[in-house]
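Each of the next two complexes has subunit A plus one more chain, namely subunit B in the first and subunit C in the second.
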Partner chain A sequence: MVQSLDTGTAPRSWNKRGQDKARRLAAVAPWLSGKVLPSSRIVEALEVLVHSGDRVALEGNNQKQADFLSRSLAEVDARKIHDLHLLISSISRREHLTLFEKGIARKVDFAFAGPQSLRVAQLLEDRKLEIGAIYTYVELYARMFVDLTPNIALVCAEKADAQGNLYTGPNTEDTPTIVEATAFRQGIVIAQVNELTDELPRVDIPGSWIDLVVVADRPFAIEPLFTRDPRIINELQILMGMMVIRGIYERHGVTSLNHGIGFDTAAIELLLPTYGASLGLKGKICRNWTLNPHPTLIPAIESGWVESVHCFGSEVGMEDYIRARPDVFFTGHDGSLRSNRVLCQLAGQYGVDLFIGSTLQMDPDGNSSTVTMGRLAGFGGAPNMGHDPKGRRHSTPAWLSLITADSEVVRGRKLVVQLAETYQKGGEPVIVESLDAVQVGKNANMPVAPVMIYGDDVSHVVTEEGIAYLFKADGIEERRAAIAAVAGATPVGLKANPRKTEDLRQRGIVAYPEDMGVRRGDAKRSLLAARSIEELSAWSGGLYQPPARFRTW
Partner chain B sequence: MVQSLDTGTAPRSWNKRGQDKARRLAAVAPWLSGKVLPSSRIVEALEVLVHSGDRVALEGNNQKQADFLSRSLAEVDARKIHDLHLLISSISRREHLTLFEKGIARKVDFAFAGPQSLRVAQLLEDRKLEIGAIYTYVELYARMFVDLTPNIALVCAEKADAQGNLYTGPNTEDTPTIVEATAFRQGIVIAQVNELTDELPRVDIPGSWIDLVVVADRPFAIEPLFTRDPRIINELQILMGMMVIRGIYERHGVTSLNHGIGFDTAAIELLLPTYGASLGLKGKICRNWTLNPHPTLIPAIESGWVESVHCFGSEVGMEDYIRARPDVFFTGHDGSLRSNRVLCQLAGQYGVDLFIGSTLQMDPDGNSSTVTMGRLAGFGGAPNMGHDPKGRRHSTPAWLSLITADSEVVRGRKLVVQLAETYQKGGEPVIVESLDAVQVGKNANMPVAPVMIYGDDVSHVVTEEGIAYLFKADGIEERRAAIAAVAGATPVGLKANPRKTEDLRQRGIVAYPEDMGVRRGDAKRSLLAARSIEELSAWSGGLYQPPARFRTW
Partner chain C sequence: METFTFDYPADQKATARAHVGVVGSGDLEVLLEPSPDQTAHVRINTSVDGYGQVWKNVLDRFFTRFRKAVRIEINDFGATPGMVALRLEQAVEESRQ
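For the complex of A and B:
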């Protein structure tokens, strides 16, 4: 009998997870009305539902925050609940780290920690926090289906009905993915909502995936992370934007793309209806976008440049504008945006031809990182989109245009563009001999340095000096020479060999503005389609309603 | 006024897609009862709902097939509806190509065409069919959110209720993704279901995403694509399996992985409870899996090797077994499997340490393809999982173990293993001087040759001769020498230089069975934990119920 191979063990239970879940839920059943838990009971419910050592996925998203649940979790008795393993996209709020200060949580796997990056570094040094790993978003979700499946998911939505069906509104973001990983492996899903209602505008997540609903004490927190005030865009950024449009978008015929959130990419968005139109490029470039609804994209949309935008999340103030532009944005039958971080990251990885983003530091090989001394900021979505996806098999003209080998087996390449003004505002060089990330990684005992974008994945580097077409460089030495040739007055740039640089220009591996027909003197703020948030709102016909902090009129 | 930049056009409508959808749906409204269309009306409804030139996403999945809808689409009047652009994961059924023979469809973007690959090649030659591109699955879905958003989605599910909520059952597969891309950009979603019911076991897709439901004339078609009969596993495959377990899984500490669907990987699954256990590896390797519920994995599950399995789809006959093993599989509160191709492909790309698959042809550089003369089979999911994902930032011991560079900026690497018996059954060499795919690509005017896995993505090649540890090879010449050293009596293998081979063995770049303590004489069928489908069923306690074609008892 074959089963005899499996010897010496008592009959195995194959539903331990389900039985454990049932026991936990039974303990809070007396407090529930259907799936609804009274808000006042949330802390004591968490003390029963969460067990020490659990993996807890906390929606700390990129934008929206399950802050009622995170604040409540920070209030549980750490003698009862401790050593949690937190899975969180973005460490964004004070109480996320209070969990570690109190000992409620011990270990964290995360993708981004912008606002809290200093405290993360401090807690790590104080041995109050242990890092599992730092991820790009989708990697963390991927492991939720492999070896980091959550025991508990704490998520948020705008509305729920009595059956637990959720309406996320425009910020669907990561919620369906986290819920799917948890609900279908006998984890417990708790959703905070702004309100209970009889009829939802639409269903974003089916009620049968949700165990408990609790009404938050106040609407979930959300930050306008993708609003860039055009008033702050400077002329160097405009010059770089002009070079990108001429030297990259036009030259490679880039029709589908993702933009980062820097002021330099905002400049590009605002140059399309003016400088781009003057080059006759409307309809030829920048048609299909994967990005959040950047307000600075409004003039290009209104001018008819944009066929479609699929979004990771939404952006505060853009709700009515999106609702009025359903041909461009992905919206539900209720009219509001449907975003989805996993699907937009998938589209941004495999479905578009170009990623362009900014960096805080770049080394002579083109490696870059936003992790700098004393800051553990993480990577966000950049690594997933900022590399050449080797699983890609379909061709587009832009992808094919990067082929340099002459062989019977070749493949094209994604355009991965890194923007870097050679100096930061404070006078610190951006292009440096060695990334701070290398030392930070050593200090934190990381197995490899926390690099955001690797140099060998970068196809183009753009500074205010010019463009280095790294994909054409033959070998690492030539790649270094090309980067040095656009590194300006940084120590790296000062080492550039003028004769080598001239050779690279002749061979089209380096181009300065004059080589691509861009006149430095044209790089004026008057070239921006909108020069203020007020003008963006005017372009939208008043549909874009910027948050108060951006209003000056 | 900034708006004046947008000159000379009539007031633009921003809801053309929504208005078009409303017009189409209004034309069938008289036939509907709620969202339900009478089955007898389906052909005339499609003639109204679908317009010539539309992009139509047809669920032609890897496994389940919306075959009532595809058969009905093939019956529309080609004078009314023609030149459709088909987006289809898998060209699996006769009528998929009948659409092209009749001129109803003209262009296709697809990922796999196994059973119909000969006819695809013929229709292409006859200029009845135009290929947009051949994809790996997720790439095709990615473009549905960018520039290939469907106008119409024809999908299938097991059950629907009157509100259009769908229960997919264990084969959720691609349905939520295709529906999301279509529904949220004002496309029309039509779902065929096996039955209408008042109460669904669970909701897999919310009703508000679905426009029309139609009951199929018979349950949707589904193929047991992942069932491998252990009786067909030969001793060479067992030898290769032993080498993989010792020389790769044990050596690199591989805990999370994906297996292809060949008999060689089935052999590995069946060797874990016997050979693997004898090496003391239980609990140390192969704990977390991303793959379909392979029946050949049952003995390893029953022996306690497997902590979790997340699935792309399901497998016919495995339903009751999965239902009885919820600690291992992802299941809903109704007890049945929840699969999801996009999320499992994400997990298989970013969340696991190893991909291992078989190939029909490999060239001296390690490039491989299943596209051979006269067959356009496509790639399926292999390219997405069979490459080193450069966006990965988290470390695991297996991933770190492939680092060979000594630099301050390094990264680990995914294990991408290609299995190839040196000769196919018919006596054709598998390792060849040039891939057929190169000539096929030229004949079909493809911009690049249809390569499934590129050599520079492969970390290990395993043949019955031994293992080539390509990740350790220094440069392309050494990589070629390592492949030749395990290429046996093929023309490529006969050119191997014995002195170079000996050098590679000394340096651990090539290993033969004796180098890793594997005795060829032990590679017997008696080492398999199950030697027949009947024994697999016995291991499962009768819960696995193989389809009739696999039953011999």
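For the complex of A and C:
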């Protein structure tokens, strides 16, 4: 009936996406055996399946990389396929940017570009690359379900069977999320696998979500990103770790938490079984973690501190150790880790009491950023973990302990802790008058400066000088004074007024080591539960098998 | 290689000696001993040139809180100002024991 009002036009099709998908898949059907495409046909197949202007989700996660598919995509004829819009969580391989140099891709939305951050900045300047936005992981994936649904997903897994069921192994990471966003809105999902097999150890992604499987020319690339060699931890980091344990974890009763990646947080993990135990804190703090399987957590796990760890991804060398500790880690019926970045990010936002991480720069208001001149690195997950989620409704002692207002209606606060040594190696101050990110944002015409963690979300700042309890500061002037009081000999620290600092110490808004009973002389490497990768491996009973680059024996 | 010397007024007598740290990459050693006069003397030997003002800033801050007549020798191998401040405080802690 409605159509009669609209005479002369054909009835609307409500399944254009599905019809388009069917046409594309029909063009490669003759090459397939079931869902399996011969590896030698991959470039040809991509030239048929991908259309210019498509949104392509390329699985370049924090760790595992669909590198056979990205290398193949970089080989398509740019006259046939061009101006793709790439959705990629981590720009970490050369060919990711070759796509832009060749004109195959034009626009990118991403979360992290660590190893390629200099080239991203250069391509942007040369106008060969257009940035949609620089995200956090969950934001990018959230938009895949809103206005950035992929036409094509290029993902990777360890094994597939003939029906297209996928086994990801411990590095499940982002694959289920990318596939779900694509498959259920009639996009095409192509999975590279290391091998085809009749029986999978477990099914991480059902075959009905997958359109094509192709065996890669070599196993997918993966980096050990979360391994910190205890040999490199210095006494400054140990002192900061002691202060965190005493002045924050003990003080606020922090039982659930996330640690960023860095030597500062690795030091804390290695101090729990020694310094933490000497304070009688075992079982009282640091029980439930949202964390990648950091090797430096092994001594705390072995000493019985850790009840549970849910992981964003895995870590190279930790597979057998995890398999042998199923009470602690989330594992499948096959025994291996099941990680999931989006769910772990969600857990880290809403489930835990505390985030702690390091920064490269912090301004006098406590805003911090790892973006520095000439580098567009992005922030990965830090901004999600490092903020106070106002939608949280469950309370814990730690969350409640940050309430300062005296009112019938109040909310608690997540502890967001920023660690900063006042100076980097090479004499550059970390606490600065203005973040480089401000200028970088202007140069790149960003609508706002790329701040990693906003100062108003930060509850505590820890430097080697002491702790600033920012959540207790009254107003912006007092916050600034508290940060200056722990900013050491940086230009910001030199402006601290000694009388004001004394007042802040009296009121417990600033604490120096002596104020929390921490002796600087105790900050020795002998206090670390393990002082080398070899000792970590020994703690694990040989189950942790460090990658060759970390072996010195 | 650069050498600096600084003097600060002192109004308390020191009695003990201390030795902390090592001359390793990114670290320094601090040797502290009593000085017979009413002054604190600091001598710095550093492998990194061009940071005279930063050394002065670190020591100025330290001697606002520390008033003893001591002779301090610092042998530095590229430590950050944070590490320098830590070693100075550790030397004071040790000399109190």
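Remarks
Keep this in mind: the second predicted complex is superposed on the first by the 543 of 553 C-alpha atoms of A that agree within 3 Å, B and C clash if a C-alpha of one lies under 4 Å from a C-alpha of the other, contacts with A are read in each partner's own complex, and residues count from 1 in each chain.
One rule holds in what follows: a contact is a pair of C-beta atoms (placed from the backbone, for glycine too) under 8 Å apart; a residue touches a chain by one contact, two chains touch by 3 or more.
Remember, it's a predicted structure, so these values are computed and weren't measured experimentally.
Contacts of A:184 after superposition: subunit B is touched, whereas subunit C is not reached. In the superposed model, A:510 makes contact with neither subunit B nor subunit C.
In the superposed model, A:427 makes contact with subunit C only, not with subunit B. Number of subunit A residues touched is higher for B, counting subunit B against subunit C.
Of the two partner chains, subunit B is the only one that A:288 touches; subunit C does not reach it. By the touch criterion defined above, A:387 lies against subunit B but remains apart from subunit C after alignment on the C-alpha atoms of chain A.
Those residues of subunit C lying in contact with subunit A across their complex are 20, 26-27, 48, 51, 54, 57-58, 61, 64, 78, 80-83, 85-86, 89-90, 93-94. On subunit A, the positions that touch subunit C within their shared complex are 234-236, 239, 421-425, 427, 463-465, 488-490, 493-494, 498, 513, 519-521, 523. Against subunit A, the residues of subunit B that register as touching in their complex are 1-3, 5-6, 9, 12-18, 109, 132-136, 138-143, 145-147, 149, 165, 177, 180-181, 183-186, 202-208, 255-256, 273-274, 277, 287-288, 290, 299, 302-304, 307-308, 310, 324-328, 330-333, 338, 340, 342-344, 346-347, 349-352, 363, 365, 367, 379, 383-395, 400, 403, 408-412, 434-435, 438, 446-451, 454-455, 457, 529-530, 535, 538-539, 541.
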